[in-house]
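Chain naming follows the written order as A, B, C and D, and within any one chain the residues start at number 1.
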Amino acid sequence: MQEGHQTAREDLILEISHVTKIFPGVRALDDVGFTLRRGEIHALIGENGAGKSTFIKVLTGVHQPDSGTILLNGQQVRMTDPLVARRLGIAAIYQHLAAYPHLSVAENIFMGNEQLRPPGFISWRNTRRRAARLLQSLGSSIDPAAQMGELSVAQQQIVEIAKALSQDASVLIMDEPTAALSLTESEELYSIVRGLKAKGTSVILISHRFEDIFSLADRVTVLRDARYIGTWDIDEADSALLVNHMVGRSIDRFFPQKTADIGEELLKVSGLGRTGFFQDVSFSLHAGEILGLTGLVGAGRTEVVEAITGVTRPDYGTITLMGQQVRFTRPGEALGRGLALMPEDRQKQGLLLPWSIRDNVSLPMLDSCRKHRLLSQAHINRMGSHAIEQLAIKARSGLDTADSLSGGNQQKVVLGKLLSSSARVMVMDEPTKGVDVGSKAAIYQIMCDLAAQGFGILMVSSEMPEVMAMCDRAVIMRQGRVSTILDRADFTPEGILRASMPLERKEETPA
Amino acid sequence: MSTRQFKPLRLGRLLRNRELGLTLVLLALIGLIGLRNPAFATPGNLQFILGDTSILIVLALGMMCVLLVGSIDISVPAVMALSAMTAGIVMKNNLVQADTQVLVDGALTAATVKTSTPLPLLLLLAAGVGAACGLLNGLLIAYGRVLPIVATLGSQYILYGLSHLISGGQAIYRKDMSDAFIQFTRGNVLGFNSKVLIMLAAFLVLMAFINYTRYGRRLYAVGSNAEAARMSGINTRAVTLSAHTIMGLLAGLAGMLYASHDNKVTQDMAMGYEMYVIAACVIGGVSVTGGVGKITGVALGALTIGVINNGLTMLRLTGNSEFWKKAIQGAVILIAIITNVYIKRAHERRVLRERRL
Amino acid sequence: MKRILSLMLAAALLLSLGLAVSAEEPIKIGVVYKQTGNPFFEAAVRGFEEASQELGFEFIHNGPADSSNEGQIQIIEGFIQQEVDAIAISANDAAGVVSVLQTAMDKGIKVISWDSKVLAEGRNLNIDPSVAQNIGRVQVEEIAAQIGGEGQIAVLSAAATHDNQNTWIKYMKEELEKPEYDKIELVTVVYGDDLTDKSYQEMQGLINSYPDLKGVISPTTVGVAAAAVAIKDAGLSGKIKLTGLGLPSEMADFLADRTCEGMYLWNPIDLGYVAAYASVAMVKGEITGAAGESFEAGHLGVREISDAGDGGTFTIVGDPFRFTPENIEEWKNVY
Amino acid sequence: MASVTGKLPAFLRRREWLLAILVLLTYFLFNAQRPDNYTFPKLLNQTRVYMVDVGFMALGMLLVLILGDIDISVAATAALSATVMGVSYRGGEGLPFWAAVLLMLLTGLACGLFNGLLVIRFKELFPMIITLSTLTLYRGIAYIILKDQSAGSFPAWYAKDLGYGSLPLMGLEVPIMLLCLLAVLPFYYLWLHRTASGRRLFAAGTNLTASRYSGLHTDRIKLTAFAMNGLFAAIGGFFLTSRTGSVKYTIGTGFEMQAIAVAVLGGASTSGGRGSVAGLLLALVLLTALKNGLMLLYNDAFILNLSVGLLLILVVLIPNLFQALADRRRILRQRMQLAK
């Protein structure tokens, strides 16, 4: 399937072969090849952590590959920094990171590509005018003078798209451009991308949404564990095939069989609201149950679980935990009452990266590791080894530091930390984000085991297969409200998607 | 594009306009102090305050650049001392005295004229020394990965030491200064003190740089999101380096203003001044974490400090509380920054309330 | 474990060496002044140099970078460590160095304070540049003469914490009680903390707040120079009269252009010279510092030691010297 | 962490070893220059000048630095505390001395607590900015209380025996002040490195968010650290006053920078999560050896400061450069393996 031979060389705008990128201790790309035809929309898919982000950064000159070649229009290029890539006509929309929250929308769009007027001063009038025009062409009415940090996630995404479009690139890379968009906004984007294609622009599209891929892409390439897996024409591929290649094994053996019985109500949330983030959120969680909380990026899922577990304080509504009304001021209080939160960003919120496994795991329970008022290293060691054993963490010993572990094992350490406390309700925010396939399966198994032990699990997830396979029920949010709560029997991909899609600002109704 | 829909946002921006708020606070302060001592609110005194604050403003502009990229520089006064001392020594060594006659009130009077190295050259030298110091700080921070506070704390010790070494223990006095240098901060153009004009020039140049050039905007980009800046091809280290160099250059210049104004250069010149500079920036709305801050705000922040300092001097002259001065100064700064926080929080709440769910 | 090892290693090596050698050596004097880089003290050191050439003693000198009491203590401890025979100090804080100087005296080191005294219990002898009363008096006389014996005057002092400043101001006020000064009104005393820019601001404040101000006394070198700049900048040279204690090198231009028509200071070279002679006499046991004793101070002649009224003793160097536009040329490059 | 560094000799990677070597170098260098005055017993005697009061302030500062915060009001806190002690004792006419000391410690605690409250209440503000204004405030209050006066006439055992006395120990005269510092260190060490609350302090400094998510009461940890810093500042002021024998409102001006320099030299980072008692002690020893040696050799305050500044920068910079070099070498090695 490595198919340089299928296409004539001159049709290829971009040809990448044997690219390897090494970070200290990690091989982020391993001998990856990829071709992009002129005027083609080429989808790149893979699980989180498969190497897509590194791949983009190599293409845009943020990282330099350690080996391999990149041919642009048949010429070998060396992109020593992002400016070179931009000059060569490669533009990218990044999933995160790329926004300057303190600056205006217009300035965000033209940062690094300023609208100058002689003798080289920035023309703010042109900047704003062009920004407004670009945003308009995306069907958006965002004020170019608004401050970026005050926009919603979806609006920021649109600005990022406008930014990439402003560069008139011949190769456009889009990393999850629709992740936070409404259906119409997505449609708008589709037509823009098709228009670009018609003008001869080549597009690399990275998306989780198969509907994006099937409605736009000409070809699709799969990456897995930093390696190239294969490339297919879109009409040769179907979602089952792609998923199998992405996970590397058949999908039905991937998710464990859940056996837990649903028991008494553990957690009840009613009328919960936090100004500006979400409102009127009500649901309940039972022992042995895995409850999904899903919706688009920016729908308010993380904010809801943060308010429940005391990270932030809700403005309205009540939370009832095991029959008692509670209101936590910090996660520690929640943990003490049996409500544990596994946060979304394990590197920033979950772990102390420079610390060892055992020190991470024992952190919430340090008071129980004391002997004669001093910490007992033996006790801490025991906790570390116990977690390693119980969760099958791949490490030489409990003394390994968290930053030396793979994503999946890091996530297990976070879990181990929470399990060392006496929690009964486990809130997991994107538990498998950026986790390799093997660890994913293991985490699913652990979740089922916990449910069988009588835990109630509230899982925030954006991955539809995950929600459909793991959850007993699913709360679907849109624009800060609960749009519906579905039982497992009623799960359909279309149903969940329809419930997640934002209501349109204009008169159109969702498809 | 429906502008009507976003009107609330525009209104919010207007309310958030902290420059407006600061101006009001400033006027209120002037009014209050003026009530206690009418001599305070006279145009003459206000212009004096403006002149007196010019040096602080020049320094605060540089500090703003450094804070914007998320760094800090506490070696500022030592840079001032070293630059002024270097230029001062050159000036002293080249000093020529001549007795001439000048026309005073229509009559020829005997006078001594002192000339030395041309003033522009001296200014260039001081600015160069300052920029070199800033560059050094920048190198340590951007390329040596030394944390800004540690690096500039160390360089403060070093630079003061150097200015002592080169001075050989000798301060520079008025008698060692050329007339041009003494007059440097005393000229009067269109009714404005030349310090004010120099400050205005620095202000305008920096405003053009920060608001209207791509290099200036990069200061914001790096401070707002360094990772994103790196991904869009901005050399974040070079930007940090240049911010520190600008700070150094302005400190060198400010050192000359300070020396001319005081009629002397000592090796411990301006010790402790960095705190006022940082305070001016913070009151003016610059975030110490980087990415936020407006040049007009900084100027107003520095003026607020100037008004407080001068006001306390004037207040005490009619009252009798010399000993309360320091505590009041600390309390006023504290209250100012806390008020800022409350204003910002109120604004954030308003934005959240206006957000559509 | 490694940490403990490293500590022990350091300690052991430090312990292994520790021999002090002492032999018959020349007299060694440690000179402490208020601040490094101050020309007044540089000049005083020249006085010590002069005396050391005449008497053949060694001396080391040092002052803190920031005119702090703590810095002086650090230096004194260093001098004790170097086994000096006498310490001659101009103190930043009369009380703050008493304890450390007492330990020095316990070790047989003689302590002489000069220029700015140490409290009686921390010194063997104080050398005042001049009689404090005289210093206060001459400045009042000077300003009275300049303003024609009538009008408002103000005092711009260093810090409210400086003993010598307060003593002088006290004597100024006593002097102003006299009937010939009835028409002179002392409106206020302000403090510039011996910082140039603050002194300048204070002077500016005086100008603005007292439109009828006729004269200013600033008994501090930093203050009088800053006041001169402020008066000149305000275009009031000759309209507001200025006197005080000023450095000729710093004030030269202001005397030349008559912003200041007369000011005082004692000769720091003589001050150091006398202090050096007193130190040597005391180390040699010729004097103990008791009232009634006297010693030979080289070319400056015999000095009598008398009771200072603060429980200790003192001697003086001479009368403050009056600098005028006429004589400034010959002094401005001396100190 | 350890696995990331490359070729730099293992023992140099630990700040403690680097400092120990520097201590020895400094000692031998100056000892060779001044064999009669720069000796161990004499150096030991100098520890009270360079080690004790700054040392106590640095102990407090270390806690705040481990959190990744900074407190530049410590010297002002020490001054205010000492002022309260001096004024309440009033040369024997006021409170009994023990009560004055107690009041002093409480003042330090209160100042620290006020800083801490501001820090946790206004998270938008940098502790540096907050303590910059409380610095002026605290010293201003001391000025209001004491005005231009100085307070003194303390009991002889305090101003004389504690400040300047020493005890014979193994044939050496050891300053009593130093013994006080050394007596506190083991407890401080155990608390910081061997108890749950010390551990939590490091956790909060390493990653505040993750610590909060792990159930730690991060606000309380911060409050405690700042309060204890205030307390240590007061203790530092207590020992400083025993040397000066009297209090003025300007006492200890600039000591905050010295305290920060000591803690940073000892391995603390202003970005948090790092610091050790052994490093701090070695940094104090090094500074004592260096400053005293320079004092003897040059008798120049500015050269002394210059050297301290240079030392501070080099000690932080050199490991960074080695680290960068090691990282580069490691990647090169991986690339070579790739080529094979």
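Assume a residue touches a chain if its C-beta (ideal position, glycine included) is under 8 Å from a C-beta of that chain, and two chains touch if they have at least 3 such contacts.
None of the values given here were measured: they were computed from a predicted structure.
Chain centres were defined as the mean of their Cα atoms; on that basis the chain farthest from chain D turns out to be A. Distance between chain centres (mean CA atoms), chain A to chain B: 44 Å.
Separating the CA-averaged centres of chain A and chain C is a span of 72 Å.
Rounded to a whole number, the gap between the C-alpha centres of chain C and chain D is 34 angstrom. Contact with two or more other chains is made by residues 160, 164, 267, 323 of chain B.
Touching of two or more other chains is recorded for residues 36-37, 65-66, 160 of chain C. Applying the touch criterion to all chain pairs gives A-B, A-D, B-C, B-D, C-D. Chain A makes touch with chain D in their complex at residues 20, 22, 24-25, 66-67, 311, 330-332, 335-336, 341, 343, 348-355, 359, 363-364, 366-367, 369-370, 373-375, 401, 404, 417, 421. Those residues of chain C whose C-beta lies close enough to touch chain D in the complex are 2-4, 6-7, 9-10, 13-22, 36-37, 60-66, 68-71, 73-75, 77-78, 81-83, 93, 95-100, 102-103, 159-161, 166. Residues 70, 118, 122, 124-126, 128-130, 132-141, 143-144, 147-148, 257, 260-261, 264, 269-271, 300, 302-303, 305-310, 312-313, 316-317, 320-321, 324 of chain D are the ones that touch chain B when the two sit in their complex.
For chain C in complex with chain B, the residues that touch the partner chain are 35-39, 42, 65-66, 160, 188, 190-191, 196-197, 200-202, 204-206, 208-211, 225-226, 229, 233, 247, 249-250, 252-254, 256, 332. Chain B makes touch with chain D in their complex at residues 72, 140, 144-147, 149-151, 153-158, 160-162, 164-165, 267, 275, 278-279, 282, 288-289, 323-331, 333-334, 337-338, 341, 344-345.
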